[in-house]
Structures are given as C-alpha cells and as structure tokens.
Amino acid sequence: MAEIVTMPKLGFDMAEGTLVRWVRAEHDPVDKGQVIAEIETDKATVEVESTFSGVMARHLVEEGTSVPVNAPIAVIVEEGEKLSDAVLAELVGKEDKAKKKPDADTTKTKSKAEKQSKAVEIIEHEEENAEMMPAGGVRSSPLARRMAEDQEIDLSEVEGSGPQGRIVKKDVEAFLKSMKGEGSNEEADVVKKTMVPFTNFAVVNVPEDDVVEMSRLRQAIGRRMQDSNQNFPHFYITRVYDSGPMMDLRKKINQLLPDEEKLSVNDFLIKGVALALRQFPNLNASIEDEKHIRRHGQVNVGVAVAVEGGLLTIVCTNADQKPLRLIAREVREMVGRAREGKVRNEDIQGSTFSISNLGMFGVDEFSAIINPPEAGILAVSAVQNVPVVEDEALKIGSRMKATLSADHRVTDGAESAEFMRALADYIEAPLRLLL
Amino acid sequence: MSRITMREAVSKALWEEMERDERVFIQGEEVGVWGGTYAVTKGFYDHFGERRVRDTPIAETAIVGSAIGAALTGLRPVAELMTINFAFVAMDHIINEAAKLHYMFGGQFKLPLVIRAVSGGGRQLAATHSQTPDAIFAHFPGLKVVSPGTPADAKGLLKSAIRSDDPVLFIENATLYQVRGEVPDDKDYLEPLGKSKVQREGDDVTIVAYSKMVQPALQAADLLAEDGIEAEVIDLRSLRPLDMEPIIASFKRTNRAVIAEEGWRSYGVGSEVSARIYEMAFDYVDAPVKRVAQAEVPLPYNSKLEQLALPQMEDIYRAAKEVVYG
Amino acid sequence: MDKQEALKLYREMVEIRILEERAAELYQQGKIGGFLHLYIGQEAVCAGVCSVRQAHDRIITAYRDHGWAISSGIDPKVVMAELLGKVDGCSNGKGGSMHMADTEKNFWGGHAIVGAHIPIAAGLALGDVYKGENEAITICMFGDGATNIGFFHEGLNLSKVWNLPVLWICENNQYGMGTSVKRASAVSEIRQKAEGYGMPNERIEGMDIMNVRQHVSRVMEKIRKEGGPYLLEIMTYRYRGHSMGDPERYRAKEEVKKWEEEDPIGMFRLYLLKEEIATEEELDALDDEAEQIIQEAVEFAESSPEPGKEALFEHIYVDPTPVEYRGYALEHESEEI
C-alpha cells in the first residue's frame, strides 16, 4: 500500500512550511519514526519523522519549496512495490477527496443543530421602517431631499427605487435627466429597441369609456378661457433669461432662512414682473370700454395654482411694494389655503397681471391664455443648464424661457418686447429686487 | 524597501528602537528565552541581554503595573500581553493607571510606555482566546489605541508609539503576522499616530476598515470594481485618536459607507464611526451606514462555525452592493 | 537625633495632625468633596520613615496620603490647595485628596485603587535597577486590606523574582475600611505573607516615632547592602473612621480610646521632655507655629483660584493631541438656553 506523506502542522498558527532538505532520498528505505525531511516554519526548522515503514518512492516537493499545511510532499511504498504514475495521480487525488469527506459527517449533527436553532430567538436588525409614512408623505434619503430642494423638484413626483420606495440620489438624478429630455445616451438601448422582433398579440382588457361630470370650477375655467382665447387678440413673445444670478441669490438668501420661509423662483418673478409692470402700465391694464383702457393703480400679480379639479389664480396685491420675504410668505399661505380648498375671496380677487409657471414640470416653453379682464400673462418655463455662447466660447449657462401672451387691443409687439427686456433687468440682476 | 511579513516588520521596529534608545526595553511572558510565542522577539535575548528583554511570571498586573512604574522613572518600556484576552486581568492598570496618571497628577507623571497585544480569532482557539475587544480600550481618554493593517504601518506605527510620550496600546493581529508587504528600510520610518489612511481611492462607496479587515476590504473593492463600483478603502490605523477627516471627505463624494471590523457589532468601532458620519455629514447620507462585524456569539472552536461567525470579504462586498442600491 | 531635627520632626507631626483636623472641618463645610481619608493617629509612621530616607529613595503610598505628602516635603499650602481643588494644588486641583504627588520630592502619590500601586512600586524599583542606581530604595506603603488583593501577590512576587530593592511597608491599622484584619485575611500577622515569597519580613510597633526610625533605618541599610525586597509590617491605629462619613459601627469606642492614650505626638512630646531635648515652652511654641502654618495654608488654599475651563482638557496626553469631544455644554457655550 502506498502512503502519502503530507506537510505537517507544526504550530497552532502555521499555514505553510518550506521543505528545506530531504533526509531520505528517493528509493531509500524508511523506518517508522525515522527522520525523512527538515521543514522550516516561520519560527524554527523542525525534523519530520515518518509514520510509515517502507521505501521512499517519490519526492513530490523539491527542496526549498513552500507548500501549505496538509499538502502532499512524498509517497512511501511497501518494499518491492512499484509506483506507477497513474497510481500516483490517483493517490494524490484520493487525498484531496479524503479531505472533503468530513462534510458528509456534518449532516448527522445538522438535525441536532436545527432543533437547537429553533429554540434560540434571533433578533433581526434589518431596516425596520415604520408603516407610517414620514412627515411630508415621502420617504427619501437626506441627500435626495437636499438635491430636490436645490433643483426645486417636488419629491412626490419622483419614483423611489430604494427599499420601501425610498427616493435616493440616483432617482433624483434620473428624474432630472428625464426632465431635461436627455434620454439614455446609450446606443445599446436604441439598438435593443430596434432589435425587438414584432410579435403578434391580441388586444385584451380595454376599458370602457368613462363619462365624468365637470366640477363647477372646471366649467368656470372653461367658459373664461374660451371667451379669452376666442375673443381677445392674443400675440406671443418669447425671451430667454439668464437665470444664473437669480438662482445664486436665491440660494444665498435661503441659507439664512428657515425651511418654511425659503424663497422660490416664483417669488423672485412676482416681484420682477411687478416692478417691470410699473414701467409699462399698458400691460397692467384692462379694457374699460370700446374707447378706454383702465391702467390700474395697483400692481396685483396673480399666480396660477393647480388645485383639485382645475386651477385657481391667487393674487399678491401691491407686489411691486412688498419685500421678497413678504411676497413669499403671503403666496405660501394663499397656496396652502387654495390646496386645502379653504381659499378666501380676497386671495383670488383683484389680479391685474398673471404668471403661470410650469417650470417644475420640466416644461421647456409654452404660452398661456390671458385671464380676462387682464391684459397679459407670463408663461414661465424650467430653469435649465444649457450650452451657451459667451465671449465666443461654448459654456454652460443657466437659462429660463418665458413667453408673454399680450392683448393686442391694449399693447403692441414693440412695447411688449420692451417689457420683456425690462423684466430681464430684474431677473438677470436680481439685487435690484432688494432695493 | 523590503518585502517582509508583518511579524518581521514588528520585530524590526522593536529591534531598531532598542538599538536607538537605551531606555527602551521589553517585558512579558516568554519574550526572552523562548523568543516570543509569535517569534517576534526571536534573537533579542541573546543580543540585548536579560536586563532589556525580561521574562516575567504569568502575572499581567505585574507586567503592566511594573511597566508603568518603570515608565515613571523615565524609561520607555514595551510591555507585551501574550494576547489581548489577557489584558482583562490588567484592566485596572491599563485603564485606571496608564490612561489617567498623567492627568490626575496635573501633568507631573509621564508614561511613555507601549503595551503590545495580539487580538483577533480564526485559529480555533475558542472563545476566551479569540476576542477583538479593541473598542473597549478606545473608549478611554488618556490612552492611545493603534492597530496596523499592513506591514509598513506596523513598522511605522510601532516606532511612533515607542517614541511617543503617551501610553499606547498597540494591537497586532496573529493572522496578519505572515502577510507580506513593502516596508521602507529607513530606521526612522515613522507613521503618525491618530491618522487614518486612504489605501484605495474610489468615488462610489466608502469602506472603512482596520487591522485584519483591511485586506478583505481591498479584495472586496476589487470584486466591486468588476461590477463597475469603485470603492474607497480607508484604513483607520488608529482607534483613539480617531481621524474622521478622510472618511468624511470621502463620504461627501460617495454618500454611502460600510464599516468593517473583526469585533462584535454592538458597541463596536463601527458604532462610533457611524455615529460620527451622521453627526458630520447628515445631508450627504443616501443610504444607512452598514457595519460588517462578527456574529454576536462567543467564538466557537469548530473551524466551520468559527469562520461562519467571523466577518468575511464577501460580507463587505454584499454590504457595499446594498448601500449603492446596486 | 540632634535637637534641630527633633524639633522639626515634632512640628511636622503636629502640622499633619492639625491639617487633618482642619481638613475634616472643611469637608463638613462642603469645601472639600469626594473622599477624605484622615491619617490622624498614624503620624509616627510617615514622619518616622521619611526622616530616615535618602533623597533618592522613592515614596509611594495609597489614598491615606496627606501625612506622606507633608513628610515628603510638600508645602501644607499646596496640600490644602489640592484638597480644595484649586489651581495651586500639587496636582493642579485635578487629583484631590487621594492623588497628591511631587516627583521632584520623589513622592509618587497618592493612589486610589486599592493595591494597584503595588506593581507600580515594583516598576519604580525596576527603573532604578535598570539604570544601575543601586543605592535607591522604593518605599511602598499599603494597608492591611490591600494585602488580600491580587495586585499585592503579583507585585511582591515580581519584586522577589527580580530581586528589586523595595521596602514593602504594611501600615496595619487593623481595619480594611470596616472589616477587621481577622475577618479579611487568612493570616492576621500580615508579615507572614512574605514567607510565601521567601522574602525577609518583620513586624514592629508604629506609635512611637523613635521606634519607627530605628527599625526602618536598620531595614533600609540591609536592603542597600544585600539587595532585594523586604516586608515590614508596622502596627498603627487610625483614630478616625476609614474616611469622612464612616459611622464606625465595626469597632468599639473603648478600643479607640485605648489607642488614643498612646497618641504618637503625645508620646514623642514626653520623650523629648524626658530626654531634655526640648522644654515645654519650646514645644508649645512649636504647637503654635504648626497652628499658624496650617491657618496660612487654609487661607492660601481658599484664595487660590479655581482652575479655568481649559484645565479640563490639559494633561490628557503629553504629545499635542486634539480633544475628541468637549462635551455639549462647552460646544454650545455661546448659545443661551
């Protein structure tokens, strides 16, 4: 019977040993207890004795080589026995298999362990988020919340991919990307789409038509908008504004304000528009009769607010006189009331010019219908980072488009265009709003 | 530069510091004639003699206590605890005396001593010989606690610890002794106490580790790289003082972290690092900080159970995948 | 003993007595906090031992250390300031009653954990041996109670195995806190414990300062000549409780009274008068001087400033190291609640 000699474990933390010197050469006879090799560990050089008697058939490891503990290092055969390569290969292989055997034995002990583990209670420390939604109704990481605020995104519009629908950084990033219309740049995706084979499928489960009664508000809006759009001569002027300075100033101011008082882009626009209107009284006017225009003394800026079932225009009176902070507070309160259905009369009356802002929906450009009896309405779109040309070089700039819808009975293109330019003075140098 | 094992690095550091400063001496169980149970002080006794390489009785309070007394007289002893598990016997001297004498006597007493101890499990030595109680010692102001994860750091930090005028608990890991690494030959090669080190750069996830867990963290980082996730691996090296600067700088970029330690999760090193991350970088948090640590059990003798309980490279990998939501 | 030295010693013992009595009063007034362990009745031991030690001999003791502080040479003003927690205290007000020390006077404290200083004492002696300072002895005091704790065993054993020049002095005042020696120790004659280490040992009476001086100097001579540790058990008695607030239920009033009749100061006074080394007037004058010194010490301590807030963070480490947490109050100092 051939026997394998393995690298012995000579210390409790020995992982490998070096075969320094073979004491019994190949074909030498070996007695049990006789030294066959010298092995060096990290700590000392040790003599290794044979546990078998016979003949040293083969050295499997050369002098000076390091092998791990339990690796085969030699083969000892009985006297007269021949060692073939095939047998050798099998023996070395058997040794490996033999080492794997112990696994089989563990199955016996498993059942005992299973019984035991049932008795021991294990406390799970996995994330246990409460059933209740956090305040604000949205689950998001602190980073995502901060990003959303900086970008003026409503988190309730973002889909969360984290556990329990948590909105995380990449969700906000994805949302921003989709807002800008930058689809996936990966060509692979495009290719994949075009590669999908056309399948025949049956149309199933198409719902019936649904007839819904219009709310009173919807009906009122419908009547007024139809009247305005059909009867009043609208014309439209679009201008692109450098929104960088305004966003910077807003950020700086907001660092000094508590959360519930932070300024929004709209607040800046309300004030800017109000101050510009002071220079262009025709746009702050209403048709009195066929021959007269009433230029209003007050500048009351209306803001369109989406509510259930339609939209309301809440009014910030004397917006040209009020400081930004007050505008922000008043608008916030009125919007709150409007959303809860508790709007007061004075909230929605007296508007002399309106602003409609669809920027938070990522809208690039749109035109609105004038609210009669006003003479104009400013449609504001999203603040975006876009390539711009500055000093004959391509740079990244912050830009916002706004489209003025004006009533041609009251004003002309030139005047309106000048108004839009004057508005730039307030938007692009927003410190003016603080004077 | 030489490519040597951590054992050799520690040994060299001790040897060079003893040659450099007459006041440095070693005392502990079996450090002299035996050459050290981990062979760290092999050859020291014959070269430096019994005055400077002192075999002690098995009496840890005497080992640490008399080292304290000797330090008070101006010497710079390096006391060895065969394993950190035996430190509990000398708890009073480590925590009540070494950490506090300088303070309590208004700065009159100086304790420039180093206590070397071996921490960690994984060698089937069973529960009482396999612990990683590093966090306990890091709790006490007045003591410095240092634990290297690479051979270079072992040499540089041990030299700094010996040259420091403060009491330093220097925690080595037995399974790291045979790890090889590049180590500068310079006899004055020093690494600063109280400074973390970025061992690998990355922008996608921050992995904080120390001692035994540094290598698995780096291996996990390689695995993550195959998934397109670049991990930044930061080696604490020092538990007290704890240097959070590189960790916070990293976290502000990656927004997510995994902390790996060999000890238990409850009240461990990860608890402290995690709490500080939330304190200092709350608005940058995109995922809860994950701690990879040992199962909360006394470590068993059976090798498979033991490995099951100990934190592995795959655990770090999985935790990192979780925090990147990938 | 020459007259100067005798008078100095007498005054020293009276200073200690009066300092302790004043400390007790201040404690009851709330000016000294924490624990206060009074040395009253044991003065002959510290005064006797320190009067025969050489400057390079190190003194280290447990928490009943005010007497040792004075006898080592620390100014009573500085001791009193430390008791009141003031900046001018020997430990800058950071240690208090149990942590008096002055390394320049070779007085190494003042230690609070029972017996923990014993292995440290072995280390002090080790330091001297290592540096070849063969004449220096480390004199380590501990109480009867401390001889039962593990530190005692490890420290004494090490001192014998390494042949360290330590004079181990057990101030046996017969009670470890509230437990008599008989109830706490397997062997009531403490000196016998040294037999287990093959260490020379003896027991002497400690209420008579001349007796203390004679035997201690003999033993120290022996250590300097022959090397190695020695255990000296000195029988003494504390007239007050273990510390302030001790109701002393564990011993009879008669027992205390009996020992008070052998007041060490009284005994020394009688000796000086009998040997005609001093007159009643001279001794009375010394009593007054001592009274005066302690009065000045109290005044000094009371007018010494409290340590500033920065002192909280001083002396944590020797190497400049930033403080990890300063605590909520200091971090929000400038804010009002």
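The chains carry the letters A, B and C, assigned in the order they are written, with residues numbered from 1 in each.
Throughout what follows, a contact is a pair of C-beta atoms (placed from the backbone, for glycine too) under 8 Å apart; a residue touches a chain by one contact, two chains touch by 3 or more.
The shown structure was predicted, so the numbers you read here are calculated from the model rather than taken from an experiment.
Central chain by Cα centroid: B, whose mean Cα position is closest to the mean of all protein Cα atoms. Of all chains, the one whose Cα centroid sits at the greatest distance from that of chain A is C. Averaged Cα coordinates give chain A a centre that lies 38 Å from the centre of chain B. Between the Cα centres of chain A and chain C there is a gap of 69 Å. Measuring from the averaged C-alpha position of chain B to that of chain C gives a distance of 39 Å.
Interface residues of chain A, counted against chain B in their complex, comprise 12-13, 15, 42-44, 106, 127, 141-144, 146, 161-162, 168-170. If you check the complex, the residues on chain C that touch chain B are 89-95, 99, 101-103, 108-110, 113, 116, 118-128, 130-131, 150-151, 154-155, 157-158, 161-162, 314-319, 321-322, 324. Interface residues of chain B facing chain C in the complex, by the touch rule stated above, are 25, 51, 54, 56-57, 59-62, 64-75, 92-93, 96-97, 101-110, 112, 141-142, 144, 164-166, 193-194, 240-242. Across the complex, chain B meets chain A through its residues 5, 7, 35, 38-39, 42, 123-125, 174-175, 177-178, 255, 282-288, 304, 325.
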